[in-house]
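Both complexes shown next keep subunit A, but they swap its partner, so subunit B is in the first and subunit C is in the second.
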Partner chain A sequence: MAVTASAPPRGRRKKAPGRGGMSRNAGSDTRAAYLFIAPAIIGFTVFVVYPLIRSFYLSLTKYNGLTDPVFVGFDNFRRLFTVDPAFWPSLRATGYLVVLYVPLSLAIGLALAMFCNQRFAGVRIVRTLAYLPVVLPAVATITLWKFMLNPQVGLVNTILEKLHLPTSSWLGSSTMSMPSIVLVMLWGVGGTMIIFLAALQAVPTELYEAAKVDGAGSASVFFRITLPMISPIMLLQVILQTTAALQTFNQPKILTGGGPGFSTNVLMLSIYNNGFSNLGRIPQLGYASAQVWVLFVIIIAVIALTAKFSSLWTYSDNTPD
Partner chain B sequence: MTTLPTDAAEANALADSPDRAEANRRTPDSRPPRRRRPVRTASWYVTALFICSVMVVPLLWMITIGLKSRTAVFEVPPRLLPHEFNWSNFIDGPKAINFGQLLLNSTIITVLCVLGGVLTAMMAGYALARLRFPGRKLWFYLFVGSMLLPGVVGLIPLFQLYKSIGWYDTWLPLIVPAFLGGNPLFIFLARQYFLAIPYSIDEAAKIDGAGHFRIFTQVMLPLTRPAWITMAILAFQASWNDFLNPLVYLYSSEKWPLAVGMASFISAFAGQTPDWSYYMATNLLYMLPPLIIFFAAQRYFIQGLGSLGSTTQK
Partner chain C sequence: MRNTRVKTKIIGTALACAGLLTATACGGSDSGGSADGPVTVTVMTWESAETNAAIKKALEGFKDDNITVTMVDTPSGGYGDKLASLTQAKKLPDLFWCGNDTEQQYTSQGLLVDWSKRITDGEGDFKADKFVGSAIENWKTADGQMGGLPSLMNTYGVWYNADAFKAAGLAEPKTGWTWDDMYSAAGQLANKGGAKYGLVADQLTSLDGPFTMSMYSVSAGGAPFTDNVNHPTKAEADDKFTEGVTKLVDSIKSGAVAPPGYDASNVQALFSAGKVPMMFGGQWLAAGFQTDKPKIKYGFVPFPQVTTPATLFDSVGICTPQYTANEDATYKVLEYINTKVWDAVLPASPVAPPAYTPAQESYYNALTKAGQTTVVDTVKADLAAEKTVGVRFTTQWASQVGDLTTAMYQPILTGKKPVSDLPAYVGKINDLIKQAG
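On to the complex of A and B.
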């Protein structure tokens, strides 16, 4: 006791660190905490940190997965941007998909959410059915749509014919192939809807009541209350949907295999084909890694830009959490 | 706007809806009587009907195809209802792709992924929300930040890593990540749930002499049931539906899960017309487990995702 009392305050603080009111048994808490998050930390290291470093290194090498990677500097990137005839079309296809899919998914998702946020008999059924395609396995729904879009015996053309509307060869046409893929993706719009629905339900009803008292029309209620109040979720959705759309793989892989021509050969499919294709070609893992990094940089840029300009159009009430 | 015939119109609209009983049950309670607007009500039901058909008709059509004979599938123009019902498709179709084996594979992989994913995420969430330790903010931000990291970055290095340690063409690359807190979204969800529980509860447990392990398993897990049920459902879905990972990591067809088996059903035999009636019958069986879970646990889907929405909004 006497020894502790005469010890300088520094030493005592070291024993029981005063940061943010750590409890007295901080030591045992720390040990327990690290035991509890150990799996997650190992996972973070192995599945996040290691791949980041390793894939960047691989992008600078010539590597077939069998012999050791050979360092070639930025040669893969040079080849991508100047030599490879398939790269720019794949970048264009990816961009086209994002530009077509993201705004439609957000608009339709929000419209559906607003519809399902009303009170009327049967609204729960609509909500459930709209979300249903999201829970179904991607392979199952995509193949179902592959058959639906069959030009001769598919349901889509059959219905269009019955309604005397123009039909299309859908996946077989290089102009309609990407819109078809987006159509199939939009069938899963219930995922977007459910997030927007939660956001809409979090908007305080007093705001709507006040607007009603002031005699605001439905358009101004939407643009001045609904949209600003859900703008943080909108921002999150823009980021999530865009990054997901940039990594679209299942639909083009199953529906079109990238064709016709290069019309649906999105970057992810190109990466898969270069890195893992079992079409008898030698895998080009270094080259595919370079493509991964192009995609990665695009994704980071999209996130950064969206976040940077978010203050322009998202609403924040500036209350600290 | 409110005139006499409106009531009749709305009553009609309600009578047409399958939810009439529900509507009747709801109207009398505390809410003030609604103003009735017939045109609006009617257009709502038309819209609702349209949305429902867009979602349901493809599935009904799948069942129709699944019941048709192999040749009837290619009738032009297609018949919307099958001529005769080929129930045998539901037996012969699955046989054609060795469905039993694929189902078993999918089940084993999925069960382990759910177990590992939920357990390690709950553990991490517990530590991050309820224990004070140096670095807890840092780890939280790192985990949350990694949600934004595109999965594609890991594709090639991890493939190589697994190959070099002999895990290629085994289930380990699909399962082990789940046991290492593989889904940062789950860690985030778990932490949010744990934060909402009053701290006096652990203090009481501590006074009673419980250690962290006991508090976690006997106090916290029962209290956070909705959280981990939601996560388990999401983990089930993710694993059952995953296509890219098994496609990349599994070579032998006898180790495939259903997703890869089903995709190969229609694409492997290039040049040969796929047997659509067999396929659709089998596809329905593949969809059945997620469908059953969805309808059984609907509120958890909505609740879980709803809580995700509201917590990220704060």
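On to the complex of A and C.
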């Protein structure tokens, strides 16, 4: 059917321009949009915002989860920083873990990725083997490591003895316990490797070819091409690994229970012990909430600092002129 | 950032769930029925699958038309976590195994039924005076309430490898041996026959170490580490206590005794394999040895003494939440467990002497029949010991004392801090006692 130029099309009329407001279509679309994002907003409010506010409130109370919370102001924080003999050692253990684990996991992950980025027969098998520990159940592998690190009957000391090398009590020594935990954590470095591998494969090959033509050495290629090109991914990895290290729980819980002394009593383990598991004792949920907030602030601060100084060492081709 | 959100989501969700559970829990155990009709009484233990099966079978002998007894399945291990979650959800079974510290803390929060009147004024033989006296006393709170009843006694001593003693030309330890005898033997047994240390004494070096050391000072005529584990007024490290700690430090330094941090999780297996010549431990290990049959010849002897016999003393028991559906029915089952069930369970698995003394005979008979006569002698000696000390504080702030012990006492044992730091450590504990009122 022909439509004359003078006859407006049937249906809703367009609002005259310049009169403000939304068309009925636009209003309907907006309502639909709100409906679609409503579950996410409700979920975020219920599962993030509310617990955040609630946990902050609880951090200001003496609360055991059984009787009503009693408001005590900042007493929990005062106890944490001035009275609790476990807090500063826990913070130290957490810091030690981060300092030891993050650089090692990045270095080993990158080295593995570079190795697996080569073309050689069986590279797929090597990649699979490197990634395999990541998909195995964490508790099972950590328990296995506990057996292997047993000072009397463990495989590690048995091998060292056969090689006439010095043995250690590993998890039972306050100096070796944290390095042992980091060793077990590095077992899962395949996850880091996979992300680095993806980053390496995204580096344009022309750059390497040009460098080859210019006669650049392998070290020069690594530091002047590879590293800058993957630096945004490196930043992501630094943030992810640091956050993960700050939240380490499984390994110290299963391997050492936080000991010997406070050598592996990281913050997450301390929070868990105070808030949830105290061998049948009354929980201290208010106190644990205060610890949660301290950890939360630390994580935010670390991420903020990392992001702030990232421009000094990361390369981006999206930087505006 | 995403990980931070995930973290807060997890913590927040857990807290929210705890709040929601507290707010919405129906306020009752799983028991069905009412005071006028049939009632189900639920029972939860921390025992092994074998012992649970024996208990379940024994409970079939409980006959009451209006009462059904049901065992609640529990995971092997993680009992403390399970208990905590059931407590917060207000879903505790009618009868659940609990330690003395749990009973004290839960009772003080008003979570448990007070059985003190029933056990004192009740009819028949099931009365307080038929229980081991110290157990009943330890299960009373400061105001005389009893949120549960003691069921089994834990006694302690030193397990020794008789073969290792013989090989080293040493006489086997006997009741009345001294702490110097023990440390001397440990020194001579160390680094022999595949053993690194002569003595593994986790109770002396772990968080409960100061309480165990009380045995030394009390035996020497000194003061215990604390005057009361349930409602203490002070902690003390007098000259005798300091003397005991000094001897322990020297023995750790010489390599005779395993230091704090020694992984004691598989010490029982190592003892059975002949790689630990002496270890502190409880009588409950006898049940495992009876099943596993170590290849070594072993024995169990009371703790050493200075002048007077002294020992550790504690008991485990059975508690009941205050929201149990029918107190009378629950108490009937509780009475049945204490008076009848052990007779059926302990011969197969002699884990501990019952706190209800008329039920102890089956335990001793089982051990004697299995040839574990040194265990019988030591348990009897422990139960008759003139001087006893508690194993740890049962207070709500006990975990804070544990942190102080880790920070101050254990470094003393390893030589990282001087023994002269003991008063500072005890001073901090006394500060906690004062704060707790």
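One rule holds in what follows: the second predicted complex is superposed on the first by the 278 of 321 C-alpha atoms of A that agree within 3 Å, B and C clash if a C-alpha of one lies under 4 Å from a C-alpha of the other, contacts with A are read in each partner's own complex, and residues count from 1 in each chain.
What we mean here is this: a contact is a pair of C-beta atoms (placed from the backbone, for glycine too) under 8 Å apart; a residue touches a chain by one contact, two chains touch by 3 or more.
These numbers were taken from a predicted model, which means no experiment stands behind them.
Peer 1: Going by the touch definition up top, name the partner, subunit B or subunit C, that contacts more of subunit A.
Peer 2: Looking at subunit A, the partner in contact with more of its residues is B.
Peer 1: Applying the document's definition of touch, where does A:S173 land relative to subunit B and subunit C: first, second, both, or neither?
Peer 2: second
Peer 1: Which partner does A:T205 reach: the first (subunit B), the second (subunit C), both, or neither?
Peer 2: neither
Peer 1: Just checking: does A:N64 make contact with subunit B only, subunit C only, both, or neither of them? Give me first, second, both or neither.
Peer 2: Second partner only.
Peer 1: In the superposed arrangement, which partner chain does A:T128 touch: subunit B (first), subunit C (second), both, or neither?
Peer 2: The first partner, subunit B, only.
Peer 1: What is the contact status of A:F296 with respect to subunit B (first) and subunit C (second): first, second, both, or neither?
Peer 2: both
Peer 1: Counting only touches as set out at the top, which of subunit B and subunit C does A:S218 meet: first, second, both, neither?
Peer 2: Touch status of A:S218: no partner.
Peer 1: Please indicate which partner A:T82 is in contact with in the superposed arrangement: first for subunit B, second for subunit C, both, or neither.
Peer 2: After superposition on chain A, A:T82 lies in contact with neither partner.
Peer 1: Between subunit B (first) and subunit C (second), which does A:F262 come into contact with in this model arrangement: first, second, both, or neither?
Peer 2: second
Peer 1: So, A:P51: does it touch subunit B (first), subunit C (second), both, or neither?
Peer 2: both
Peer 1: Determine where on subunit A the residues touched by subunit B overlap those touched by subunit C, and list them.
Peer 2: In subunit A, residues 46-48, 50-52, 54-55, 58, 65, 152-153, 239, 243, 247, 271, 276, 285, 289, 292, 295-296, 299, 303 are touched by subunit B and also by subunit C.
Peer 1: Taking the touch rule as given, give the residues of subunit B at its contact with subunit A in the complex, in rising order.
Peer 2: Residues in contact with subunit A: 14, 17-20, 22-23, 26, 41, 44-45, 47-48, 51-52, 54-59, 61-62, 65, 73-78, 80, 120-121, 123-124, 126-128, 131-134, 136, 139, 142-143, 146, 148-161, 163, 177, 179-182, 187, 211-212, 216, 237, 240-241, 243-244, 248, 258-260, 262-263, 266-267, 276, 279-280, 283, 286-287, 290-291, 293-294, 298, 301-302, 305-310, 312-314.
Peer 1: Which of the residues in subunit A end up touching subunit B in this complex?
Peer 2: Subunit A reaches subunit B through residues 17, 19-23, 26, 29-30, 32-34, 36-37, 39-44, 46-48, 50-52, 54-55, 58, 65, 112, 115, 118, 120-123, 125-133, 135-141, 143-148, 152-155, 158, 161, 187, 190, 194-195, 197-199, 201-202, 232-233, 236, 239, 243, 246-247, 249-250, 254, 268, 271-272, 275-276, 285, 288-289, 292, 295-296, 299, 303, 321.
Peer 1: Where on subunit C is subunit A touching in the complex?
Peer 2: By the definition above, subunit C touches subunit A via 1, 3-5, 7-9, 11-16, 18-19, 22, 79-81, 83-84, 87-88, 98-99, 101-102, 105-106, 109, 111, 196, 260-263, 266, 270, 275, 396, 398-400, 403-404, 406-408, 410-411, 428.
Peer 1: Spell out the residues on subunit A that touch subunit C in their complex, using ranges where they run on.
Peer 2: Touching subunit C: residues 46-48, 50-52, 54-55, 58, 64-67, 84-86, 89, 150-153, 169, 171-174, 177, 239-240, 243-244, 247, 259-262, 271, 273-274, 276-285, 289, 292, 295-296, 299-300, 303 of subunit A.
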